[in-house]
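Notes to accompany the following structure.
Chain nomenclature is as follows: A, B, C, D and E, assigned in order of appearance, with residue numbering initiated at 1 for each chain independently.
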Amino acid sequence: MPPTTSPDARARLWRAAQLAPVLSVLVLLFGGALVLALAQSLGFAPWFGVNTFPDPSYFGSLWGSADFWVSLGLTLAYALAATGLALILGTALALALVRAFRGQRLYKYIYKLPLMIPYTVGIALAVLMLGNGGMVSRLAAFVGLIDSPGEFPRILNTHYGWGIIAVYVWKQTPFVALSVYAVLLGIGRDTSEAAAILGANRRQIFWRVTLPQILPGIVSAALICFAFNVGAFEAPFILGGGYPDTLPVVAWRYFNDADYTLQIQGMAVVVSIALVAGLILFAWLALYRWQERRMGRR
Amino acid sequence: MTEVQLRSVAKRFGDEVAIEALDLRIPDGELVALLGPSGCGKTTTLRMISGLETPSAGQILFEGRDVSGVSVQERNVGMVFQRYALFPHMTVEKNVAFGLSIRGLPKSEIAERVAEILGVVQLSEYRKRFPSQLSGGQMQRVAIARTLITEPDVLMMDEPLANLDTGLRGEMRRFIRELQQRLGITTIFVTHDQVEAMELADRVAVIFDGRLAQYGAPDRLYRKPASLNVARFLGATNLVPGRLRDPDLVDTPLGTLVCPWRQGQTGDAVHVMARSELIDIGTERTAPTDIEGRIIAREFFGATVSYSVACQNTHVNVTEQARRMLELGAPVWLKLAPEHMWIIPE
Amino acid sequence: QDAAAFRDAFLAGETGWPAVEARARDEGEVNFYYWGGSDLLNVWVDSMAVPALATKGVTLNPIRITSTKDVVDVILAEKAAGKRLGDGSVDVLWVNGENFATLKVQDGLFGSFAQLLPTSANIEWNAEDPRSLLNLRDFGVETGGAEMPWSGEQYVCAYNGDTVEEDALPATFDQLKAYLTENPGRFTYVKPPHYLGNTFVQQAVYAFNPDGTGAEPFQQNRDDIAPEELARLIAPGLEYLKSLEPLLLNGSDSGARYPEDPAAIDGMFLNGEVDFNCKFGIYAVSTGLSTGTYPEAAREFIFPEKGMIKNKNYLAIPANAPNPAAALVLVDWMTTVDAQATKLEATGFPAGIDGWTLELSDRAALESASPGLIALTEEDLEANAVPDTNATLVDVIEAVWLDYIERDSTEGIEALVQRAYETLGQ
Amino acid sequence: MFLIAGFILGPFLPLIIQSFAFRWAWPDLLPGTWWLEQREKSPIPLAWDYVLSPYSRIWEATLNTVLIGGIVTAICLAICLPAAKVLARDRFRGKSLLEFGLSLPLIVPETAIGIALLMMFIRLGLAGTYTGIIIAHLIPTIPYMIRMLTSVWQGLGREFEEQAMILGASRWQVLRLVTLPMLMPGVVAGALFSFLVSTNIFLLTFLLGQGKIVTLPTLLFSKISGGQIDATGAGIALIVTVPGIAMLLISERFLREEAFGQGFGN
Amino acid sequence: MTEVQLRSVAKRFGDEVAIEALDLRIPDGELVALLGPSGCGKTTTLRMISGLETPSAGQILFEGRDVSGVSVQERNVGMVFQRYALFPHMTVEKNVAFGLSIRGLPKSEIAERVAEILGVVQLSEYRKRFPSQLSGGQMQRVAIARTLITEPDVLMMDEPLANLDTGLRGEMRRFIRELQQRLGITTIFVTHDQVEAMELADRVAVIFDGRLAQYGAPDRLYRKPASLNVARFLGATNLVPGRLRDPDLVDTPLGTLVCPWRQGQTGDAVHVMARSELIDIGTERTAPTDIEGRIIAREFFGATVSYSVACQNTHVNVTEQARRMLELGAPVWLKLAPEHMWIIPE
């Protein structure tokens, strides 16, 4: 280093050097992909021989159609329902796990299994279990509740999305449990014991002491799950109820359409998904920052 | 305002014995310090009294009634945790109000009592802050206020001062002492700092390895420790081995000392304790029983000076107030008054 | 030699086959993209094609894909990115219909190579002979020698003998509807734009052709038929399909379920959720029985009478194939009697070569490789065969189906056709 | 608790049965015909015979999955370590923006990234190559790795490194002898998580691998995309769970939940 | 063995001023304590001397040579961190050997020197343990050994005793003092505990808010603080405001005290300091200058007793060794000897 550089400048340079690799991946690939997607959704696609940039008509026709809003609604509804369920189950599981009980070690293995396994396996399991020809349906027939698979209430491939939600919940409950468990270990038992001594019963302890403390952890885990669910493709594709599809599946269909101009429409869908997800993240971060500042943590 | 009694209470965690057997009576309205080295079972004892832990054996009585069937919530005890355990997501005010608000008291009454207690702990202006915005001493006081507001019958504090600066610690000690005297609440105070125990407590229970080693008033413990361990733990520096001779005489490496003894028999091995600050040091022999020595080290502590004196085959520490400074190497005479010595049986 | 020059020379007929084989050895490998959804075919490619190509000094890289459309995308994207012959990534792909038409329109094909291959002798090229139709036209689009027939197929339905009486079997669409009125929810078809779905829709359109001319008007190119005319021709068929919807699987409650994939229908068929399973598969029942995917009582039947679409599928070489000579060698081998016979035997995919062009012994080999028909005869099938719809019209019908049936559009069929014409014409 | 175990493990039972079935039609609770009964008669490999044969591509896919996961993890670790340090320790302008940016990939769906990247990759000649897949996998793995590592860096006071420097250690020695070993729990957790994420990715691999690069999730997807599972599909699904189970055993051995979950607790 | 000098050293972090301007000369081989309240800049000063931080202004000289261009690694200083900063993944042995092994010394030599220094700090039998298996005092000693083995020219310790128990703290103080005297190494010791500074240091530098408030020998600081702040910080309890009268007289609320003063003029406002342990307390008046009072509070600290005495309009604290106990409320007489008082200018 030449002695003329001030220590501050040197520190800045060194910092930049350390951030560079991650930033380059992020900016070039991720940012590049986003920009490209945006440009394309605005009509910039010379490789299909289309270049009407900037052309808001793709968004216009997308957002102008009722189908889009139905799809968005479905996407958000499945994601929300699954996240909510996973959240409740995962938190309950984490709370159970911090208590000592027999076989705890074994459960600690078991509950993490879905976390380690790809979604596709979860889908396969859902098909085998919940399908009209699946295990549950067969058991129902075995005990004489139904006589033909058609009588079995449809779980997969309906617009209620039970199958999709089941897979998400199956896969994400452990994730939530793991996050919450780590946070629970972090906050320790002190505060809940203090509350007990102050006379709080179990319910009060949970709602007024434990939950507020683990809430940031829960919410960030939920956010990750929710965002994933919004963008997930496999489960709604295989287990969904068909038209109207969730947004990622809609995008996929546009991309697989013989009509190339529809790919641009697909890009508009993709960008819309990203927009929804980004908005949610931004809102959460803003809220979190505000809360942290209020509590004087930063 | 409750008398607390422990009857042969024991606690095991799996194979590990935390408390062997503890008998302890904490009189109504007194402040008792549990004193002992780390891991001796102080926290465990408090947790059992509060009901957070169930004794493996023995009984805990409040006012003579066994409380084993009484849940934590119903025992009406208060506990200040070692690391305060303030609720990080609540303001000072909310923290303090917690105990009342879960009891469903009317808002106005809660507000009134919170304001009052915050006044007592001098934190009125901090009431909107979150714990992370407070200093250690302030958190401490919030924890105390939060506990006191529920008017517990028994107040427990688990090393409440361990995490404070020396200066603050003294201040908080005085604060706690004053408050306890004012409210007259039965208080159990855990510490592993003898000075703290001495200063604060009406009685001190010294616990070693899950067993009560001695229980009594601070000055009694300090002057008349029941065992070598207690003496050492309470900071006694001059513990000279000896052997009982005739009544009132003990043979030691310092010579034969005049020192009344009541228990034991001639010939028993004992230790003689002579606290360093109770030994007079002079540059001239004034009595035949004076012991000759030579200063080999000197330490200046501001208010006091400590000398290490070589006498015969042993070392004696002497502390005196720093009004004069004796020189290193100077020959000195030590006066060990019989009433300032104490015989500890082996 | 530069790849483009090789192509030009080969297509001009100036390159002898040994020279092609020699170049193929130099190229050393060939990337074969094909739909990998059939375990049987996968096994055959790995166990027969790979070793066969290896003896020719070429490493065959079989690349299994889930949708041919994806490969077409790759080819065209690479082409747009300036990748020419010798630079791309796809050498040979298994293709037909719309995807071929797309490649052809987008100028994404290697050229007219088929009749220059040694094994082209196994194919009937004589336009005079009506039997050459499927070799010269793919969904009505002229192949122009840019693809080589690989398999022939016909849309055949199977029924489950345990649940359906033989005399209750429908033979026409109206009978199907009557059957479903009796047994609601016991049938469904694959969702367009999957080609199986498209085919079912086409058959319905043929059957309800108001002129009674069946498949005939649908052989024309989109440019040759006015949208109003097309709308008039397809409207009754679509009306029929719409009226069928409530009778389909799940149609009575949350809306008819159209599976994405024939595998789903196979499963439902096996579990007795549906009574019929229609797909391209002359020997589907045989193979289904031998792999356990069909119920033991599965039988084939004629449906719809005089309207079972028959077509072929092909191997094409893209314009930017990285190893053009090896690609030629592969396609050539794929059309040998040996390859065709082993494929038929292993997978039940009917031969793409034409039996009558072969020597007797070869013809016998091919026949003995056939797994055999269950409950039908070659003659039955042949008698009820009809051709595909022109690929350019398939796009239109598919779009209209999506709008009219799936999206429940309230616009008239004519308006929908009109719009499809516009967007597709861009 | 029992319910949870049932919910998690229960579905595997039919999967195992299915993988040994030849024909298993409704409403049979057990297959009508087992694979072993048909094994001799069938001209082609059935069920496990197919799954375990090279025809199924399962070995290739496993190898690819593990290889890609390993390389992605290594690269991700290498580039995230310094960045996480800066994020944990420095305060600078634009830091919260950077943090926002680094969490974005968690939020922006794979569908969006994948489809957009495809065009880019085809132009760059990265589509269908290992390089391309590995680069693409970095996007979703980086946020996890950064979070894990930032939390360990935060837990690691500067004083250890400073002490080492005072004792005369050079920058490199500090990193090698002090920093890395002390970061180990977080590094292991981060590595495990990013390996997990990478091996779980379907869509990116599927889109960008163009069928040329087969991994366990893409292989399984092509088997079940129809919403139907036959014996070979079930067998493949079982094999796909094997790396997960291996990871589970490893993770239990080498780290505690605390380290694992830390990155998400805030 | 190096003289360290700071010349108008300043340090800013962004807008925050940690050190305003510090001039300090630490003579070769001496042990200097930096004493000051939390946040006054003690740690920052050490970090600048070690090279971990660069001064914003001023110079740091080792043996008269400016070391601004010398990197941390080359300064050859040693530093013991507040929380020891032992490498948790290395055994005691490895921790201690670290400084040598990175210098690439031969294994045998390292082993020899590690064994030697572990002997010095009495940890030979713990050499295979990991830091988490050690007690606070042991960790402390490992940290010192690790630093000393590299034979630094300057040894710095940042509140090395802050995390230890009272008992252990005294022991470690003595250990450090002895070691430093034996090796004669220039040592800078940071603390905010005045007793510690007094006991250990040859000189004490009191720092307030990034400025040197006083620098001198411990007993001088203790007896003759330069300012009210220093006096308060060093624990003076009796600071009585007053006004200079004739030579040797000061008017105070306690009456007119005899007390020699040299600086200042008649009429100047001053404070008179009388350390509580230097005031004699008696139950009878023995001299006309004795001040009458009444005991209003008593605290027992084991070795000492502290009385709060109300005299006229003010309170005086008196500490004496706990040989007797005066009763609360008893009238007493205080003797303030002129030589035990000190005048602090306003």
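Just so it is clear, contacts are C-beta pairs under 8 Å (C-beta built on N, C-alpha and C of every residue); 3 or more make two chains touch, one makes a residue touch a chain.
Here the structure is a predicted model, which is why all the values come from computation and not from measurement.
Chemist: Which chains lie in contact with each of chain C and chain E?
Modeler: D
Chemist: Moving only to chains each one touches, count the minimum steps from chain A until you reach chain B.
Modeler: Counted as steps through touching chains, the separation is 1.
Chemist: For this structure, which two chains share the highest number of contact pairs?
Modeler: Result: the chain pair A-D has the most contacts.
Chemist: So which chain is the furthest away from chain B, centre to centre on CA atoms?
Modeler: Taking each chain's C-alpha mean as its centre, the farthest from chain B is C.
Chemist: With centres defined as the mean C-alpha position, give me the chain C-chain D separation in Å.
Modeler: About 37 Å, centre to centre.
Chemist: Chain A to chain D: how many Å between their CA centres?
Modeler: Here the centre of chain D sits 16 Å away from the centre of chain A.
Chemist: Report the inter-centroid distance (CA atoms only) between chain A and chain E in whole Å.
Modeler: 57
Chemist: For chain A, give me the residues that contact two or more of the other chains.
Modeler: 47, 131, 133, 149, 157, 237-238, 255
Chemist: For chain D, jot down the residues that touch at least 2 other chains.
Modeler: Residues 25-26, 119, 123, 221, 225-229.
Chemist: State which pairs of chains touch, listing all of them.
Modeler: Per the contact definition above, the touching pairs are A-B, A-C, A-D, B-E, C-D, D-E.
Chemist: Where on chain D does chain E make contact in their complex?
Modeler: The contact residues of chain D facing chain E are 157, 159-160, 162-170, 173, 177-178, 181-182, 184.
Chemist: Show me the residue ranges of chain D that touch chain C in the complex, using the header's touch definition.
Modeler: By the definition above, chain D touches chain C via 21-26, 33, 38, 42-46, 50, 53-57, 118-119, 122-123, 127-128, 210-212, 214, 221-222, 225-232.
Chemist: Using the touch definition up top, name the residues of chain A that touch chain C in the complex.
Modeler: Contacts found on chain A: 46-48, 67, 131-133, 148-150, 154, 157-160, 237-238, 241-243, 255-259, 261.
Chemist: Write out the stretch or stretches of chain D touching chain A in their complex.
Modeler: 1, 4-5, 7-15, 18, 25-29, 78-80, 82-83, 85-86, 90, 92, 96, 98, 100-113, 115-117, 119-120, 123, 135-136, 138-139, 142, 146, 196, 199-200, 202-203, 216-217, 220-221, 224-229, 233-234, 237, 240-241, 243-245, 247-249, 251-252, 257-258, 260-262, 264-266
Chemist: Using the touch definition up top, name the residues of chain B that touch chain E in the complex.
Modeler: 165-166, 192-195, 198-199, 218-219, 222, 234-235, 275-278, 299-304, 319-323, 340
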